[in-house]
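A, B, C and D label the chains in the order they appear, each numbered from 1.
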Amino acid sequence: MTNDRTPMLQMKGIRKSFPGVRALKGVDFRLFPGEVHALMGENGAGKSTLIKALTGVYSVDEGTVHLDGSPIRIHSPQESQAAGISTVYQEVNLCPNLTVAENIFIGREPRKLGRIRWKEMNRAASALLADRMQLHIDVTRNLESYSVAVQQLVAIARALSISAKVLILDEPTSSLDRNEVQQLFAIMRKLKNEGLAILFVTHFLDQVYEISDRITILRNGEFVGEYMAAELPRIELVSRMIGKELHAFEEKARASSDRKAASDAPWIEAAGLGRKGAIEPFDLSISEGEVVGLAGLLGSGRTEVARLLFGADKADEGKLTFAAGGDGLRSPRHAISRGIAFCSENRKTEGIIDELTVRENIVLALQASRGWFRTISRKKQDEIADEYIKALNINPPNPEHLVKNLSGGNQQKVILARWLLTQPKLLILDEPTRGIDIGAKADIQKLVLSLSEQGMSVLFISSELEEVLRVCERIAVLRDRRIVKEIAGEDMNSHNVMQAIAGG
Amino acid sequence: MNQTNRTNLMNRMRKHHLFWPLAVLGALLLFNLIYSPDFFSVKMRGGHLYGNVIDILNFGAPLILVAIGMTLVIATKGIDLSVGSIVAIAGAMACLTISKGGDQNSLGLVLIAVGLALALSVVLGLWNGLLVSGAGIQPIIATLILMVAGRGIAQLITDGQIITLSSPKYEFIGAGSLATLPFSIFVVVAVFAIAALVTRKTALGMFIESVGCNPEASRLAGIRSKYIVIAVYMFCGLCAGIAGLLLSSNISSADGNNAGLWYELDAILAVVIGGTSLNGGRFYLTGTLVGALIIQTLSTTIYTVGIPPEVTLVVKAFVVLAVCLIQSEAFRKALAYRWKTRRYPGEKEVARHV
Amino acid sequence: GNNNNNGGNASPSPSAEVKASESASPSASPAAADKQVVLGFAQVGAESGWRSANTKSIQESAAAAGFDLKFSDAQQKQENQIKAIRSYIQQKVDVIAFSPVVESGWDTVLKEAKDAGIPVILTDRAVDSKDTTLYKTFIGSDFVEEGRKAGQWVLDQYKDTQDDINIVELQGTTGSAPANDRKAGFADVIKANPKLKVIASQTGEFTRAKGKEVMQAFLKANKDIDVLYAHNDDMALGAIQAIEAAGLVPGKDIIIISVDAVKDGMTAASEGKINFIVECNPLLGPQLMEAVNDVLAGKEIPQRVVTKEGTFTSEQAKEALPSRQY
Amino acid sequence: MFDRKLLPIWVTIGLFALMFAAGSFRYTGFFSMQVVLNLLIDNAFLILTAVGMTFVIVSGGIDLSVGSVIAFTTMVSATLIQQEGWPPAVVIPLVLAIGTVFGWTMGAIIHYFKIQPFIVTLAGMFLARGLCYVINIDTITIDNAFYTKVAQTKVGLPGGSFVSINVLIALLVVAIAIYLAHYTRFGRNVYAIGGNEQSALLMGLPVGRTKIGVYALSGFCSALSGVVYTFYMLSGYGLHAVGTELDAIAGVVIGGTLLTGGVGYIAGTVFGVLIQGVIQTIISFEGTLSSWWTKIVIGLLLFLFIVLQRMLGARRSSAKT
C-alpha cells in the first residue's frame, strides 16, 4: 500500500487569508511518489491558492510543509524549483515577448562558458515540443504569436523538461482538445512510473478518473477528505465537492426532437468572409434562437471565425450581412450596437480588467454601449452586480472585490455576466467553460439552452466535443483554417464530427 | 465594544489611499509650525488674506492644475512631457495678444486672449492625443516632440523676449483676489470639481481606468479607447493652458523659455505621490491634489527655513524618498515585523481602492 | 563706430590670405579672395531676455559687417556647444566665436580648432585654459566685478548706519557662473562693514516667477528686510511684485539692487522701484565683429577686451531710458 | 535569412542613413568620415548612459538619475584628483564603484519596498545633483596629465580621420552590452521580467536579483559615462549633463525599445542616440536658425523620423498572426 511509504510532500494545517477572504482554513495534503493525485473543488475552493502557498508565491499564515520527510520553508518559486518542484500555474504564466524556445528554457539555458547557445536551445525546444507534445511550431517566434492552447502546451513542456521530484499541473487541460489531453496523459503516466509525484487539478471528472490514483477534495478553503480514486464514486465526489447530496447530476442533453432545423431566415450571414493568414473565406449563417457550434483541432481557426464575426479583426474579403439590414462591422463597438457579444477565450488579456472591481467589470460593456454620459446609477449597478453574482454563483459574492483576486473560474463567470447583461441577439462564446467547475459548467450549458429558447442566437466554441454536441443544433467543423463541413440534425454525433475534423 | 469600533475606524482610515499622503503633508506643516509658530497666521491685508498658507495655495495652483490633467493621462497608461511647454505657450499667446491690443486693460481683449490661449492649448493636447492614439507612437516620445518644439514655439511667439503687460484685468486671474482669497484658488477648485464630477459621476472615469488597465479588453468590451485617450490628452493640454495663464498673469509677463520649466517632472511626482500608478489604471484625483500640495509646501518650507540653495536638492531628495517609503506597505511592514514577509514577492500589496 | 565696410578690410591683408588658404579653400582661386568671411558662433541658449538681446546684436552686426554667420544654439548644454564647434571646424569656417556655458572643459576642442588653423574668440564669459594661445581674445563682462559694484553701492549707502542692515539675496541658477561670481563679488565687498548682513539667500533661478515666489516667502519669514540684492533684473521685477503684494513700497521700504539693466529693469529703476542697477551689456556684436576683422587681418589684439559697462541709480536710469536699445 | 524581429532596427538604421544622405546633399563638408566620427566622439557618453538605460527600460523600469550621476562622477573625480591629488588609478575605480552602489541602492529600494522606479530614481536624481553642489558649487578644472592625455589623444584611422579614446570605450561597452543582453542569463532574465514580471517570478527566475542588478548596471554605465564625460570636459561641475536622462530615454525609445518593457535592442539604442546627433549636426551646418527655430526644427525632424519609422515598421505588427 502506498500509505505506508513516506509522502514525497506533506502539507499540514495550511491556513492562508487574504484581506477579506479566508482562502485556506487548515488544509492537509499528501502526495506520494509514483502517483497522480487530483486536487478537486469548486471554483474558488482554494486549489490554486494551496498550490501557490506550496511553491512560495504566497506566504502561509500557519501550517507546515515537509518535502521528502524533512520540513521546508519555501519563500519563492525560484526556491521551489530548486527544491525539485516543477509547476504549471493555472493562468498561462510565460513571457509573451520571448521566443517559444526561451520560454521553455529560460533560467536553464544550455550554456558554454556562460554564453547561451541559442542553436542548441532552439533545437532542444523543437525536439521537446515535437516528441512530447506532437507540436510542430517555429520555436524562434515569439510566444505571443500563438494561441492560448499552444501557450498552454509550451508551459507544460517547460514544466516537464525540468527534472523534478514533484510536478504540479493546475488545470493544464482546460484549453486543450482531446488529442492533446491524451498525449499529456501518456506523458504523465510515463513520469508516474518513473516515480514522479504529480499533483493535478482539473474540472473534468472523466479526466480525473482516467488518470488519477488519489483524490483530495477542498470545499470553501476547507479540507474535506482524501480518497482513493477507485473507491470514490463520481456522484459521491461531486456531492462532497459541493457539499450537498446530489441525484441526477448528469446534465440533460438537448433531446434530438428539440432540435429545430435551421430553416428560419438567418439573422446574420457571412458570405466568403475571410482574412489573410488567419482564416480562409467561409460561409456561415446563424438564425435567431439557434445555437451553432464550431468544432476543430487547436489552431484550426475557430477563434478567428469568432473574431471576424465580432469585428475584433477586420475581414479583408467577403461580406457580412444582417437580417435587420446593413452589412459589415467596423469595430467591436459596432458589433455590440448590432447586438453581438463576444466572450473571448483569453480572459487574462482580452477579458478581465484586472484592476477594476467585479461590479465594474460586469457593467462595463453595457455602460460602454450607453456612452459615458448616460450612466447607470450606482444603485442600479449594485443591483445588477448582486443579481448576476447570485445567478452565476460568483464567489466571493462581493461586488467590490477586485477581479484580479478572484479565482480563475469566477473570473470567467464575471465576463459571462458582462455579456449577458447587454442582452445580445448573438452571443459568441469562445471556450466559455474553460476552468469552470462541474456544477457551474452544467449551469452554463443550461443557461445557453434557455437563452436560445428566449430567442438568443449563440455561437458556441469549445474544445470539449461532448459539450458542443450537447448544446448545439448545428456544428461547423473547421480544419486547417477553413470550414470544411456543416453537420446538423440526425447526423450530429461524435463519430461524424470526429471524422470531419480528421478529414475523413 | 467601543474600543474595537475605534480600532476598526483607525484601520479603515489607514487603509484609505489618502491616509499616508495626508500624513506627510501634516508632518510638513507641523514641522513648519514648530519652526516658526506664526507659519499659519493669516492676516487681512488690503482686502485680501495674506499668509504662508495662502501662498502655498496660490503658488501651488498651476502645479495642481497640471497635475490634474497629468493624472488622467497617466491613468490611461500614458505620460505627457509637453505640459511645461504648453504652459509657456499659453502664457506667451495670451500676453502677446494683450500686448498687441490698444487698451491692454479692456475686458474684451483679455477674454479674447484667454480664449485664444486656451484654444491653442487644447489643440496642442489634441496633437499629442493624435500622435499617441491615432499614430500609435509611445506617449513619452510623442509628447517629447512637443516638449522640445513647444518651447521654441513659445519663444517664437515672444520673440525670445519677456513680454511685460500692464493689464490689471489680466493680472487678476493669477494675482487678484475674490472674497479675500486668491482668484487662482477658485480656478483650481472649479477645474478640480469639474474633473472629479465628470470622471466620477459619469462613466468616463471607469472607461479611463479600463483603457489604462487593459486596452485590448476595453476595446472588445466596446469602449472607444482611441477617443478617450485623445480626450484625455486634450484635457491635459487645457489644464496646462490654464496653468500657463495663472503663471503668466501672476507675474504679468510671459517668459517663453522659463515658464513651466521642469513642470512635467513635478506634476508626475505629484501624481505618483497621490497614489496613482504609472502603469495606468486606478487614479486618485484627490491624491494628486495632496501630492501637489506636498511639493509646494516643501518649496515654501525650504525658502522659509532658509536652507541654502546648495543643499536644497539633497533635502528634496530625502523628503521625496521619505514620502514614498512611508507610503510603501512593504516598508512599513519591514519596520513593524523586521521584514518577516519580505521574500514573498508574489503578494502584491492590498489594493488601496476605496 | 564699426559699421565700416569690413568685407574689403579683411581680404587684402596678406596674413589673412595665408590663413584663408590654410583653412578654407586649398585651391586659392581669384574668386576665393573676395569670398565672404564665415563666422561660426556657438551661443549658449536663449535662456533670458539678456541672452536674446545678445544674440540679436551679434546677428545684426554680422549682417552689417557682411559676414556669413553660422549660428547655433546649445540650449544651455556645454556638450552641445562643443558639438557645434566641432561642426564649425568640419565646415572650415574662418573664425569661431562662442560664449562658453562654463569656464572649464574647452581645451580639447579648442586644440582641435587650433590644429585646424581656425582662430577662436570668446565672448561674454572666459575659459580657464592654462594655454592662452588657444583663443585670440575674450570680449565680455566680469561677473565678479558686477557683484563688487553692487556691493560697493550698498557699502556707500550705509556707511554711517548704526543699526544692522538686513540684506536678502536672490541668487541665479545654482552653480552657474554669473550666480557664483555675483554672489562672491558682492560678499567680498560688503564684509567690510559688519553691520551689513545677508540674512537670507536663495536661488530664484534667474526668473520672475521664482523671484516672486521666493521673495514672498522671505517677506513672511523675515520681519524687517532692508535691502534686496537680485542677481538679475527679472528676479528683481518678480520680487517687486511680491513686495507690493505685502503692502510695502519697493525702493523705499526695501532698497533694491539688481544686475543687467535690461529694458524692464531700467523702467522699474526709472520709477524708483529699483534703486541701483549694475549694467551687464549684451550688445557685444560690434566689438566682436571688430575683433574678427582684426584677427583675420593679423593685427595684434589684447587678450581681454572688457566691455564698457556702467551703473545706474534711479535718476540716471530715468535719463538713460529713452536712449536704451535693449 | 532576414530576421523579421530585427526589422525595426533596420528601419532605424535606414532612416539614419537617409538623414545623413540628406545632410550630405544639402551641406558641403557634411559628407565626410570625420562628421560621422564626430557623432561618436560627441555622443560617446550619451551612448554609454543609453546602453545602461536600455537594460532598465527593457526590464520595465526607468532611471532618471543618470544625468546627475554623471555630474556627480565628474565632481568627485575632479575634487579627488585636483584638490586631493589622488591618482587616477584609484579615482576611476572608486567612482565606478560609487555609481554602481548608488544604482544598486535605488534598485533595492524599488524592489524590496515596491516603490515605483520613477519616483525612486527621481529622488536619486535630486540627491546626486544636490551632492555635487554640496561638494563644490564652482567648476573644477582638471589638469592632471593622465586625464589631459586621454582627452586629447586622437586615435587615427585610415583616411586622416580620428576618434577619441572615449569612442573606443563606448564601442567596447556596446559590444559587451549586446553580448550581455543576448547571450547571458542575466540579459534574458531582464527581457523576461520586462515582458511579464509576475510570470517571470512564477517561472522561478531570480526577479529581485535581476531587477536590482539592472539598476546597478545602469548606475555603473552612468558612472562610466561620467568618467568619459570627465575626459571629454576635463572638469567637474554640478551643472554638467543636465537633462541627459531625457536624451538617453529618447535615444532608447527612438531606437525601438518599448517603454512598457520587454522589447528592445542595444544596437537600436546606439542608432537612436546617433539620430539625435545627426539632427543636431544638420542644424549646426544649417547655421541660420535662431534659438527658437532650432528647437522647433529639432522637434519637426524628430517627428518626421518617428512617423517614418512608425509607418515603415508598422507592417511588422500587422504581419503578426
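In this section, a contact is a pair of C-beta atoms (placed from the backbone, for glycine too) under 8 Å apart; a residue touches a chain by one contact, two chains touch by 3 or more.
Computed from a predicted model, the values in this text were never measured in an experiment.
J.: Treat each pair of touching chains as one step and give the shortest count from chain B to chain C.
T.: Minimum number of steps from chain B to chain C: 1.
J.: If we define chain centres by averaging CA atoms, which chain lands farthest from chain D? Would you check?
T.: Ranked by distance of C-alpha centres from chain D, the top chain is A.
J.: Using CA atom averages as chain centres, what separation in Å is found between chain B and chain D?
T.: Taking the mean C-alpha position of each chain, the two centres sit 30 Å apart.
J.: On a C-alpha centroid basis, what's the spacing between chain A and chain B, in Å?
T.: 43
J.: Once you find the CA centre of chain C and the CA centre of chain D, what distance in Å lies between them?
T.: Comparing mean C-alpha positions, chain D is 33 Å from chain C.
J.: At which residue positions does chain C touch at least two other chains?
T.: Correct list: 45-46, 52, 55, 174.
J.: Which chain D residues touch at least two other chains?
T.: Within chain D, residues 133, 137, 198, 201-202, 207, 290-292, 294-295 contact more than one other chain.
J.: Among the residues of chain B, which ones contact at least 2 other chains?
T.: 155, 160, 309-310, 312, 345-346
J.: So which chains end up touching which?
T.: The complete list of chain pairs in contact reads A-B, A-D, B-C, B-D, C-D.
J.: Flag every residue of chain B that touches chain D in the complex, lowest number first.
T.: Chain B residues touching chain D: 77, 81, 135-142, 144-146, 148-156, 160, 256, 265, 268-269, 272-273, 277-278, 309-318, 320-321, 324-325, 327-331, 334, 342, 345-346, 348-349.
J.: For the complex, which residues does chain B have touching chain A?
T.: 201-204, 206-207, 209-210, 213-214, 216-224, 281-282, 341, 343-347, 350-351, 353
J.: Applying the document's contact rule, which stretches of chain D touch chain B when the two form their complex?
T.: 109, 112-116, 118-120, 122-127, 129-131, 133-134, 137, 198, 201-202, 207-208, 246, 249-250, 253-254, 258-260, 290-300, 302-303, 306-307, 310, 314
J.: Taking the complex as given, what residues does chain A use to touch chain D?
T.: 55, 57, 76-78, 80-82, 87, 89, 93-98, 102, 106-107, 109, 111, 114-116, 118, 142, 144-145, 158, 277-278
J.: Help me check something: in the complex, which residues belonging to chain D touch chain A?
T.: Residues in contact with chain A: 5, 179, 182-185, 188-189, 191-192, 194-196, 198-207, 262-263, 320-321.
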